[in-house]
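First the structure, then my questions, so here it is.
As written, the chain order gives the labels A, B, C, D and E, with residue 1 at the start of each chain.
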């Protein structure tokens, strides 16, 4: 079964920027896939379309069996609950505590807000939140306000929040960009452990090609909004990867 | 001559977190140094202390010949003008254009704000701003509002803004964290080109140890706020680097 | 004599400053006027140097003539026409501001109610009234609901009475002084509420037992709700007239002139006031000379109320 | 290279022209002659001196009136603020359940604000009678007109990132609002609410209208009797309360900003 | 694991206790008996019906008064807003050149706000005479009291990152303010300023105080004459203007938010 199906999705922004053009791919449940591409190739836009924060200009996206293109926010909710996201810029609630931010990961579980607010959450949820924090090595900072963390620590909180959600599909946008090498590797191991153990599906945007080649069983590559690579790791050569970045014309970056 | 001198600097935050403890190092003019350390080791705090946005708890910092510890904002200004910074989270003015954000890099050059505002800036400055944008491959997006960029594009704007400043000392906080491999490498080359050609001094925080080893002639390492490594590249082994990250006790991260 | 006065003021209009040379310059510029009354003009210039070239006139919202506050155009024109001088008209909604403007020579003449006049005169003792507007039916009244058991003022001891705002002639000073003169103690015997513009609605809804206000309000209420709903239990004596009063800074002969002209042309001026209003049937008004002493009863009322202006 | 000046849109041009024209017309209309300001300055000083020194003889009565006013203002404003939050949420682009609800709510809030206090006082006196209750109701309405508008404006300015992060966990609208919109807007809400308290105290005259007394009546009586030194005393007392409220606002905001 | 409830600080406890006590005292004081609300509802309907249908017979006169008021309000508010920006910068923690300047400026702004319109009208009538100029000056003062306070609050809420980025280039205080504080605060400044325009129009009574006529006088005359249908017409006209101003505010904000 496909956990995620993207069919000929295009996205043109109001100002005419074509961020995605006719991208199609399927991800099977239990797969761990890495999404690669140069800056501005449309990776984050792809994620936003999947989670419904940007409307696609054309094409369809299926999450599990559900077509998401024309869903109202209310109908989208049960689907989003199954999709855990780590945003490129974390999006923490800056003036709340780390612990509270992680607890919010459980928001989809209940319609009652009090159940995810730190003073009133169930013992189980509170312990689970601490557990998620421990997994990213931040349990000692649970009480700290989240804007008083280092960049890498904030990224870990965002990951802990995603773990708290118990998602079926994980969309992680450069989850290790701000992490130190050891922590970055550990987070990737954590993600792939989830895939193996709990048969979850992970789609992970990375810029570190070495880590991508190490972890991703399958790699998808975007270039100027087009899908240019989609293959199992074993079929992909270093050159294939380099092509992803070197084929960029001056309109799409390329540093002089 | 030393471009930067850090003498026994400690920083304890209000809540008791000791982010830096008695860190000392000197950087000679024209050196290109990489600063390494695990998440939360105090790297960004070090930068904030150098630029005076956080007051040190003890110790002195010299930029060139100037002691900065007790400087008023007004006295700090000519010093800051010489120090170009790239922030870990970019800090662009989100509702202004990319071009305007880059032009603001020249703010230190004039006391007249109009000289750095896009409609009234001198032709020279405007061309220079476009030039800086071109160097990071973003000249085609000059008119775009800066919050309509991809993560990597925003980071490049921050770098262009720093280039616009013509600094003598560059403090770059993970300047390539969000860049794709090719762009990241090119930015590093750009920085080191500046060091070589214009005899500038660069202090650059990196998490990519491979890139650090490739570019940094000298590496400085922080661990739990203490200086644990400061040596020329040739004297540093892979193990030394690993120690930086693996020596972290559970109070300071380490992922389970 | 009427014509003469008329033109005399017209000539003032030409001589718009305090020295003769200027006056003549100005006159020379407008030969039209000079032609009309050459000799007269020359003669009178001497003592009319100090006459203003523009009359700053304020109206502080006299009861029954509220319309004038917003539709002052015809009145201003009539005044300009009669006095033959430029009139600057200000509708001031607060009597304190009116008084203060006069005190600080920001206004030359005012139309004010009796209570206002007393207030103003106590701050600017040299200000004086020169024309009064006499009106029918200008007195305070005590109104109760038809079905209430109150018949006399004695009956309403211990009740709540709605009045207007502090210092209003017919809605505060008038009724209060009636009660005082009848020998009641305002603080002990009644619960007096100053409710300003919501007094009538509060009374209609039985929030208070008695409404003490100008008789005009009574007529209005009867007109709205029909006969047989409200009853008058006491009507006070006629209140002093509304007045036109003059700033002490104005030359007295000028004021004298204005007074004569206004009384002579009262139909035109009063007509212009009533032209815009709908309540003219309550204002059978006429202009007459006013004396400061006409307002002594008002002053006494203030005194007995303990509202003295140091 | 971007052009120095962007060609302004037609709407911008029309808008600007209208503004400038009206502004100039207004200035002409007012016969602005600011030199008059200076000529009048001695007058003004004379007037001001009539208020000095402030007269503290009625300080107990005044303080009592102030205390009463403060209580009523506090109750009215507190209730108004609490009601403003849901109303503001209904009125904001990013939190309203439906376009039409947003437009209607906005319209209601504008109407609440536009109907003058005097009319509200009338309406409430008619329905609940004279006294503090009518005053409280008027203050509630005033507060909603003000706070709901400002809350809503702040809510629309809140970055959407954190809200999207919560939405992506499958949170309900209410969850997103309680978890992201409210905490992020909190500093601003505090400031606006405490300003509303201050505003209610300053506009205490409305309490006089409904027969509930208070500091507004004291002040206007002092005026009528032209006891400016007493009026000054009252203004100073109000100022003290205003500054205290402002300090409380700063203190709370410092914690949550 | 963090405790469920943090021990609140002494100040918090004192503050909360004071608030709750005062609130309860206030409620008791007001003899809240909301049942009266329902009993009075017929009375209220009767009153309201006296205002329907609105009476459009004086529409031309009213529109003219509105137009005049709008012009004056626009001039006064525009000048007030322009003056508020530097004042707000002096009054904000993060932009003020010195602690003492901040405290003094804040104090002045609070004082401007606390002194009632009536006193300002008095002062300006004394110094510049009756007429629109005194009205404009009063509106300017009102606007500063309001806008400077709200601008300053917003300025203090602006994240410091972007400002630090500009400071790090060696920018002067003015550079940082023009390059970061102003653009980031702009959406909020627009909203506050246009609210101030609306506020000035709504509080047009002040123009009546200084003899400058306008819609306020129309409205209060309608009230005094108890012509509620005419008053309703005026309120509707004001509402239309208020809504237009709000729309303009939204439109501008949409571009810069």
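Heads up, the rule we're going with is that a residue touches a chain if its C-beta (ideal position, glycine included) is under 8 Å from a C-beta of that chain, and two chains touch if they have at least 3 such contacts.
All values reported here derive from a predicted model rather than from experimental measurement.
Student: Chains shared as neighbours by chain C and chain E?
Tutor: Per touch definition, common to chain C and chain E: D.
Student: If we define chain centres by averaging CA atoms, which chain lands farthest from chain B? Would you check?
Tutor: Farthest by centroid: C.
Student: Identify the chain pair with more contacting C-beta pairs: C-D or A-E.
Tutor: Higher C-beta contact count between the two pairs: C-D.
Student: Roughly how many whole angstrom separate the Cα centroids of chain B and chain D?
Tutor: Roughly 45 Å, centre to centre.
Student: Between chain D and chain E, what is the separation of their C-alpha centroids in Å?
Tutor: The separation of the two C-alpha centroids amounts to 5 Å.
Student: Which whole number of Å gives the spacing of the CA centres of chain B and chain C?
Tutor: From the centre of chain B to the centre of chain C is 77 Å.
Student: For chain C, write out the residues touching at least two other chains, lowest number first.
Tutor: Those would be 96, 100, 104, 197, 201, 205.
Student: Which chain A residues reach two or more other chains?
Tutor: Residues 89 of chain A each touch two or more of the other chains.
Student: Could you pull out the residues of chain E that touch at least 2 other chains?
Tutor: Within chain E, residues 40, 43, 47, 118, 122, 126, 129, 131, 187, 223, 257 contact more than one other chain.
Student: State which pairs of chains touch, listing all of them.
Tutor: A-B, A-D, A-E, B-D, B-E, C-D, C-E, D-E
Student: Could you pull out which chain E residues touch chain B in their complex?
Tutor: Counting only chain E, the residues touching chain B are 161-162, 164-176, 178-180, 183-184, 186-187, 256-257.
Student: Within the complex, which stretch of chain B touches chain A?
Tutor: Per the stated touch rule, the residues are 13, 15, 37-41, 43-45, 88-89, 134-138, 140, 144, 148-153, 156, 173-174, 177-184, 186-187, 190, 207-210, 242, 245-246, 248, 250-251, 253-256.
Student: Under the stated contact criterion, what part of chain A meets chain E in this complex?
Tutor: 97, 99, 118-120, 126-127, 130, 142-143
Student: What part of chain B is in contact with chain E in the complex they form?
Tutor: It comes out as residues 51, 53, 73, 77-85, 87, 89-96, 104-108, 111, 113, 116-117, 158, 161, 165.
Student: Can you tell me which positions in chain D touch chain C when the two form their complex?
Tutor: 40, 43, 46-47, 118, 121-122, 125-126, 129-130, 208-211, 217, 220-221, 223-227
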